[in-house]
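Please read the structure below before turning to the comments.
Each chain gets a letter, A, B, C, D and E, in the order it is written, and its residues are counted from 1.
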Amino acid sequence: MSAIELRGLTKVYPGGVKALDSLDLAIPDGEFFALLGPSGCGKTTLLRTIAGLETATGGAVVIGDRDVTGLQPGARDIAMVFQDYALFPHMNVTDNIAYPLRIKKVGKAARQQKAAEVGARLGLEQLMDRRPGQLSGGQQQRVALARVMATQAQAFLFDEPLSNLDARLRLEARTFLKKLQHELGVTTVFVTHDQAEALAMADRMAVMESGHIRQIGTPAEVFQRPANTFVAGFIGSTPMNLLDGVVRGDTLEVSGCKLAVPQSAEGLLHDGEKIVYGVRPEYNVYSAGPVDGSLGGNVSIVENLGASYLVTLDVNGVLVQAVVPEGHEPLIGDEGYALPRRDRALIYRDGELVPA
Amino acid sequence: MSAIELRGLTKVYPGGVKALDSLDLAIPDGEFFALLGPSGCGKTTLLRTIAGLETATGGAVVIGDRDVTGLQPGARDIAMVFQDYALFPHMNVTDNIAYPLRIKKVGKAARQQKAAEVGARLGLEQLMDRRPGQLSGGQQQRVALARVMATQAQAFLFDEPLSNLDARLRLEARTFLKKLQHELGVTTVFVTHDQAEALAMADRMAVMESGHIRQIGTPAEVFQRPANTFVAGFIGSTPMNLLDGVVRGDTLEVSGCKLAVPQSAEGLLHDGEKIVYGVRPEYNVYSAGPVDGSLGGNVSIVENLGASYLVTLDVNGVLVQAVVPEGHEPLIGDEGYALPRRDRALIYRDGELVPA
Amino acid sequence: GQSSDGGSGDTIELTIAQNSIAGGKNAAAADYITNWVIPKFEAAEKAKGKTVKVKFVPSGVDDEQYKTKLSLDLKSGKGADVFDLDGIWAGEFAEAGYLKPLSDVVGADADNWDGWAQIPQSVQGLATYNGRKYALPVGTDGRVLYFNKTLFQKAGLPADWQPKSWQEILDAGDKLKAAGVPVPIQINAGTAMGEATTMQGVLPLLAGAGGQLQQDGKWTGASQPLKDALGFYEKIYGGSGLGDPKLQQEAKGRDKSFQQFAGNEIGILLESDYLWRGVLNPETGVAKMADRDQSVGYALIPAEEPGKGINGQDFVSMSGGALRAVNPNSAHPKEAFELAAFTLSPDGLKEETKNGNVRITPRTDVNKEILSAEPLLTYISDKVVPLTAFRPPVAAYTQVSVALQEATAEVVSGKTPDQAAADYQAKLEGIVGGAGNVAS
Amino acid sequence: MAQATLPPEVLDDAKARRYSADAAGLGRLRAGAFVAPALALISLFLVFPALWVLYLGLSNYRLTGAAAAAPQSVGFDNFVKALTDPEFWNSTWLTFEFVLGSAVIGQVVLGFLLAWIMRDRTGPLKRIVEGLVILAWILPSAVVSFLWVALLDRDDGTLNTLLHSQDFAPLLDHPMLSIIVFNTWRGAAFSMMLYGAALGNVPPSHLESARLAGASGWQQLRDVVFPHIRGHVLTNLLLISLWTFNDFTPFLLTAGGPDGKTEVLAVHVYQVALQGGELGYGAAVSTVILLINLVVAVFYLRLLRSKK
Amino acid sequence: MTRFVLHRIGFYVLIAVLLAFFTVPLLWLASAPFTSDPTYQVRLPDFTSENFRAILDNPYALGSLWNSVVLAAGTAVLVVVFAALAAYALSRVRLPGRDALLYTLLLLSSIITGTAAMVPLFQLAVELHLIDSQLGLILIMTGGLLPAAIFMMKDFMDSTPKSYEESARVFGASPLQIVRHVVVPLVRPGLATIAVWAVANVWGNFLMPYLLLSDVEKQPAAVIMYTLYTEGGQANIKLLATFGLLYSVPVVLMYLFVSKKYGFRFHGGIKR
């Protein structure tokens, strides 16, 4: 169990793709850290560079208090779960779990016992003799976890371990994984491109974009105060409304409507300047009749979210979304008004949150 | 544009797997119909049998008013989008879109014009000369849609067309797709294993389990009143709490707590009978202090859902989940109480909803 | 050859190689070496106070492959101390240095061998190159015309048939044909039969027309005798129906000619004594003919016309034969020679030819005795060997032979003899190094 | 297997392309060590003798005779001789017919046909068909040549028996066709196995989309299958062309005859080198064959790279 | 529906024709060894065992089969091991000039199988004292087969997912361990295919064993098969057919074994 620190880490692939650009990051001991970002932003590369599967072009990787930058993956004392689990198809569950111990030259009896122990902990007792091909996705995932646990490594690295599961299994697995990490207390870096997963599981998280980290913080910080429009658009199960606007005195003009300046930006705006007004659909209060300071338009789409509805309004040609509790959902074509919560709405200037 | 009707459709694979078991289904003209179910329940088989890619073992497929059961796929006048899009990698976008027309012996100029037209409608103008390998997932998906649209088929069949997209793209795509179907008005059968997708997009939906349909209805019906515990456990972005209980006079005893009988089941229960008490986390009102008729316990997990939190309580060894608005989330270990809404809680007897 | 290096000081180890192998090709010869020669020779040497161990190196492959292997061995200074080779290879082996004159390798013993006195000059010639003896002759053979007496009787031909000219052969063929014999005459032709075409076909005919392959250091090109010989082919295969042109093209054509002869489908067949010994042999033949002795007749090969053969002969034949040589690299050439000579001792030859394995040995003294029970071999030994001819033992021969085969093939497939002869001459010039070495 | 959100081939493909770097951490040095044993054997027993052959081609080396004792360099005489020898050209032409007929057309087409009709079949029929085809491939050529002589024999051949024909002599009347059919029979297994694997890689959904569009069998082949397996087709073509080019087995059937009508280059070299003993000339002809092979290989590789 | 029926009929006719094409030539091998006086004609056999007795009387027949097994197995093992290692390295690490090297070797390997190479190979064997040594022959044949084997094997290696190896590597496995524990089991069908290919190649090879092995006790069946001819080069069909059958049985058994145990799978296509 150790902290992980990256100092000015750079990775340039042969061919010139700069996948990591002088990246600094410190993950304290025992933290569950999620890495989030769109496809191709360098998440996998970051993880693989920590693991030593890619050699860093520049910078250093420190695990615990060892600089491991030049070490072979096997010498770094970390464990990794791959997206496809990489369970050896020709070995049964016991052998798969015991494989790291076999490499460490643990005797056969000892390693089989350890495998049985870890397997039992993850509820795999009945499956120890099966091959991976005979397991369901969720079971495979647990075997991959068991194999990682058997190593007693300093840190765990997970590369989208849940994305191969179906939606239902994924939910179960994430609860399970979170609990397990909590119990073991091993520093964990978790890569995902599913923001809901990151929000639900992480102690802290980072949002990446093309080799850079755009924001680091707790899920709540990142969700409520995205530091820039990139993060704002990326986080949230429904994307944030990001609307172009102009400051007109103490109010804002956003697609033809007059809105109040959000609390967080009060006193920080100049008359006439162009800003982006951000509000999450969850923080848009919907009403069927006109309300002061709201965005009014016609309903163009209504989507069922389960216990609530996502309503899309066409506000003078700009689409604005609001979440409406069940029982209050409008029909398509109805008139509707979305009133942003002043305490939750945000202002972005040149793409950056005001105040930074 | 035509209705689709399945009568007693049965499909037994060589090897004996009964993937569809005497299934009846009627989809009216122009409907957007979603098929939902766990992996292996027969969704793909159903779609493929409609398409004629699998020959039915028994029963009939009627499209419009033609019985097409014995016809070749090419003669059924339907179009299908596959999970992997099945774009031909050696053809550019134009040729891919125009392929069905080429098979129908439409002249070169005519089909290129049609491809350009459809492509433009889907915003592919700039990409018409690229090969699929040079497109992002979302673009590929649009090309696949364009190819289907170019056919002017009677019905569209989609087999998990969104599951290859990353989470963010998926959201955009589903809005787009829904809108498109609405405009074209073509009868559409949409297979997915993501219940959120089904809820958000479908006019009506069916939930399948091992070759049978377990419930058909609008998304709201299926979400609010799942007909059986299978559907109840399957639908919803967080699974429904399904708790074993016993009827004690006019109250229920559920894991050591006394709960009121839900409105829907009032007067329908017998004293002493064993039931399953179902309530969605969204319909559990959480409070930090004790409340009458609530489920009390200690908080074991707290997951961030964005603007709300999913809190898992350990109620005498049974896990109960409740959704808590942001700002009110408890800490792990806190005491907490979940009060089910009487108008939303449900009772299942022998796995079936009461009243049926 | 070098095997003796490893032997203990006073044990002499020798190896002897042949293209024969127990249970396969020439099995009898292999058995003779292993079961008789080796024990007897070792005993004899022991009696002389020498410890000699002999090892037999069997082989059982095509002659070309045996030759290749032998050449490669000899070239790299290896190979058996005593080995057999086809007489026709003597010249090229000598030129390559694979063989040395016996007296150079062995010393005076070689010239003083008592066997020489028993070997006819013509057979000695097989082992002679540029006037020096390079090896011991192992035996010889001869070619005759076989005919099927049963078919002859049907065609009204005599059982003691002996044609005097080519025309008489053709006449007999006509009668056979008239009597419904499927293949009246089979004279090997074409490339598929390989050397059989040359030895049992074009060369005897060439000799019969008075021609020789090589004369006074020059090769014979498109000469009249060659054209005559090819003309004879034309008469048989050129539409007369006397022969079966297709058979000449088949890869296994010669096998088939044997089967057909044994099956009473061929009237006249030009072949060597091997046909009698190895093919039709009622006991061990590959195409057994139970009534061989009664129904197969044989006759000398006539010249084109009486007196028109080589050296003015009325009748002609061709012969070949194997040689047994001492490896110039042998560590023990004297003992090796003794071994070779031992295999050709009268006792040895008698032993070898026991049990129906009769062949014409090089020694007249032995032949008299062992051939008495074999009318055909006696006939060849007495009548054929004196008038027979041999192939030129030079390196270029193999290619010349192929050119001859090709010439016959051309005739069979319809070219005129003149044209085929001209093509032959052109090829010949290419093979032997220019027109200067060719006489037409 | 449980649900995989990505179909495996999509995943594999993307992975393979993106992380083609050194997955096992071999490093150049150790990679070198892994290649070393093979390379050592190859250098010693293949490259060295092969270069020697090239060298021999410049001499008048013979198996026997004076030229065996003291071979002399003759420069490019052997090549000039080969290139001016009509027999060589005849053989070259025959070899092209042979390769084109039996490999490029015969084995590729038959192998593909077999793979195609067996593609989604299981059970005894598939096993029997595949077993027989592979049997033809693994039986030793010495045995196989007998089988075909017995089949095509002019008198008692099985073919004549089956056709109730008399005197039908394929080996004499249609020798080239015979060895082409023979070699097709003999070698189809390799192509079948290769295409079998290749067809397994054609995503079924692509075929099905074509079917849904109403494409006929031939249209499916043309529009979906061939574009997908082009790489396999070319690998296969390259290997079997090379093998067929150097295949000596026809000799066992026809001995190059009748009248040299089946004397393909490999047989020609055999006759020149082994029967004629002209090793220098034989080596030169081998070198020319090598060059022709090179041209063929480059041609295929061009084809492979062209439409990429 | 009728179209469907016609389709079926067409399919089975095609299958029947193909089956006949591949079966008919084999009939002779099934009948001749059991016939008393076999010719090239396929006849109903009289099920004599005399031919087998005759071949068992041949002092070298059985031994040669064993020698063939030794040579084939030895070569196959070396080819598979060396080709696997080399193909693995070539597949995973971009060595400079890798592709050019592979193609060159592939081309050169075709010359080595020809007749022209026999002199260099023989001389080489003489210089290295590998004459009359089965090991020497195995090494020489391995050298000839390796390029094509590497070429085919590389396709197998290219198509195995790399995450298995990376995973083992993170656990600290050494490259050789990775090959042994992970790669070999994964590509086993490929190894089996190459092994069968190598065995079939060695099994039929006549010229090299004949030239390099003088001692008949060491010679393989391919050479002994050639001895079953007579002095004049006539085939002893009786023995040849029978020995041919015996000679074929081991390869067929090996194929059946391998295909049952590992299945056959080919990968192809040159990926870049």
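Basically, a residue touches a chain if its C-beta (ideal position, glycine included) is under 8 Å from a C-beta of that chain, and two chains touch if they have at least 3 such contacts.
Because the structure is a prediction, the values reported are computed rather than measured.
Chain centres here are means of the Cα atoms, and by that rule the chain farthest away from subunit B is C. Inter-chain contacts peak for the pair D-E. Mean C-alpha position of subunit B lies 54 Å from that of subunit E. For the pair subunit A and subunit D, the distance between C-alpha centroids works out to 54 Å. We define each chain's centre as the mean of its Cα atoms; on that basis subunit A and subunit C are separated by 92 Å. As a whole-number value, the distance joining the C-alpha centres of subunit C and subunit E reads 39 Å. Across the assembly, subunit D contributes residues 2-3, 5-6, 23, 25, 149, 155, 274 that each touch 2 or more other chains. Shared interface positions of subunit B, i.e. residues touching 2 or more other chains, are given as 39, 193. In subunit C, the positions touching at least two other chains are 65, 68, 72, 252.
Subunit A contributes residues 38-39, 137, 166-168, 171, 174-175, 178-179, 193-196, 199-201, 219-220, 223-224, 234-239, 280, 282-283, 301, 303-308, 310, 312, 323, 326 to its touches with subunit B in the complex.
Across the interface of their complex, subunit A is touched by residues 161, 163-164, 166-174, 177, 181-182, 185-186, 188 of subunit E. By the touch criterion stated above, subunit D contacts subunit C in their complex at residues 62-69, 149, 154-155, 167, 169, 171-172, 253-260, 274-278. Here subunit D touches subunit B in the complex through residues 2-3, 5-7, 10, 203, 205-206, 208-215, 219, 223-224, 227-228, 307, going by the rule given at the top. On subunit D, the positions that touch subunit E within their shared complex are 12, 15-16, 19-20, 22-28, 30-32, 34-35, 37-39, 41-42, 44-50, 52-53, 56, 61, 113-114, 117, 125, 128-129, 131-144, 146-151, 153, 155-159, 161-162, 185, 193-194, 196-198, 229-232, 234-236, 238-239, 242-243, 245-246, 248, 266, 269-270, 273-274, 279, 282-283, 285-287, 289-290, 293-294, 297, 301, 304.
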